[in-house]
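One chain, subunit A, links the two complexes that follow: it is found with subunit B in the first and with subunit C in the second.
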Partner chain A sequence: MTNRLREMRAQRGWSQAYLAERLEVSRQSVNAIETGRYDPSLPLAFRIARLFDLPIEEIFNEE
Partner chain B sequence: MRSVMKKWKMGRDCGYTTDDRLAIARLRGWLATVLAVFLGMVAVNASSGRHGNTRLAVVEAIVSGLGFAGIVVLSWMVVLRSGDEYRRALLSKALTWGVGATVALTSIWGYVETAWPAAPRLPMLAVPTVLIFVTTAAKVLVFRRELATKDAAIG
Partner chain C sequence: MICDNESNAAAKYRNGIIVTMSGYVFALFGVVIYFKNHPQASGVSAYAIAALPAVPVIAMLGVVGIYLRDEKDEFLRWMMIQAMLWATCVVLATTTVIGFIENFTGFKAPPAYFIFVLYWLVFGLVQGILKWQGRPSDD
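Then we have the complex of A and B:
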């Protein structure tokens, strides 16, 4: 699975630490998701989508 | 030195909550107790010179089994109470490696003892101790691998 998390975070000028704080996860989680080492759970994917105000499928792509 | 301290701090800041810290404190207390009991039993064994088929051996077997079960249960408590799902995944991976490697090592040693009666015997109480050290090593390896790759990607 690939995602556009890094790109969307960069567009908003947010740091990994800030995004992690908003999502209530560790910065390591954000980094692992961005680099594709970890696929988030469905609840976390929904939180990410809500935060960026986008549908999940625009952030995460099945590949 | 500064980079080591930074990595250590990053590891400590990795999503721990008060519940995590309590569970970890309990786990550490349990591990210290198992190690202390183990060392005490080894000392008693060494001073009395007793081997197998004694009441002490039965106590050793019970303490060893309880130690093994207690460590696994408390480790899972730490995993389940971790507020961060990525950290939970890493801890689960480390625990699985630790338990798997311990079972493999002790099984191999069991076969060695059966095949070669002259081979040194692994005390029953050594099993939880092996579990502690192997799981700790697995955790260090799993987390180090993550810490090594994340610095390059911080944006």
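Then we have the complex of A and C:
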């Protein structure tokens, strides 16, 4: 699975730390998701989608 | 909030590991000294005393279990589980190989508590590698 998290975070000028705080996860988690080392669970993917106000499929792509 | 600050679960885990590790060292030394001073010890009480260092070891597994139950960050939980799986696999593979070598040759296998040391060595190593790989990049 790939994702556009880093790109969308950069568009908003958010740091990894800020995104982590908003999602209530560790900065390590944000980094692992952005670099594709870890695919988030469905509940976390929904939280990310809600935060960016986008459907999940616009952030995560099955590949 | 989790962010860069240590989570409550992680703090509890760290404290729990410090306490149980200290307990292990303390119990081990205590038991060694006891059996040096009581070489004739036998029976149920000797077995019970000899098994004392295992208590903090078992408690350590409980500390890990409590961390996995309490940690809200799924990625941190995943890292812990990866370390446990690697440690379990290495210990099973190593002890199996040693077992067969011991069975068919005159090789004297290390004591059984070697498994504990090996498990936590691999566990710590894998955790270190995963943390190093996952170190946050500069924004």
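Everything that follows uses one rule, which is that the second predicted complex is superposed on the first by the 63 of 63 C-alpha atoms of A that agree within 3 Å, B and C clash if a C-alpha of one lies under 4 Å from a C-alpha of the other, contacts with A are read in each partner's own complex, and residues count from 1 in each chain.
Just so it is clear, a contact is a pair of C-beta atoms (placed from the backbone, for glycine too) under 8 Å apart; a residue touches a chain by one contact, two chains touch by 3 or more.
Source: prediction; values computed, not measured.
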Which of subunit B and subunit C A:S29 touches, first, second, both or neither: both
Partner chain in contact with A:P40 - subunit B first, subunit C second, else both or neither: both
Partner chain in contact with A:E21 - subunit B first, subunit C second, else both or neither: second
On subunit A, positions contacted by subunit B and by subunit C: 15-16, 24-29, 31-33, 35, 37-38, 40-41, 44
Residues of subunit A defined as touching subunit C within the complex: 15-17, 20-21, 24-33, 35, 37-38, 40-41, 44
Complex contacts: residues of subunit A adjacent to subunit B: 6, 9-10, 15-16, 24-29, 31-35, 37-38, 40-41, 44
Touching residues on subunit B, where the partner in the complex is subunit A: 10, 13-15, 83-87, 89, 146, 149-150, 153-155
Contact set on subunit C toward subunit A in their complex: 1-4, 7, 72-76, 78, 131, 133-137, 139
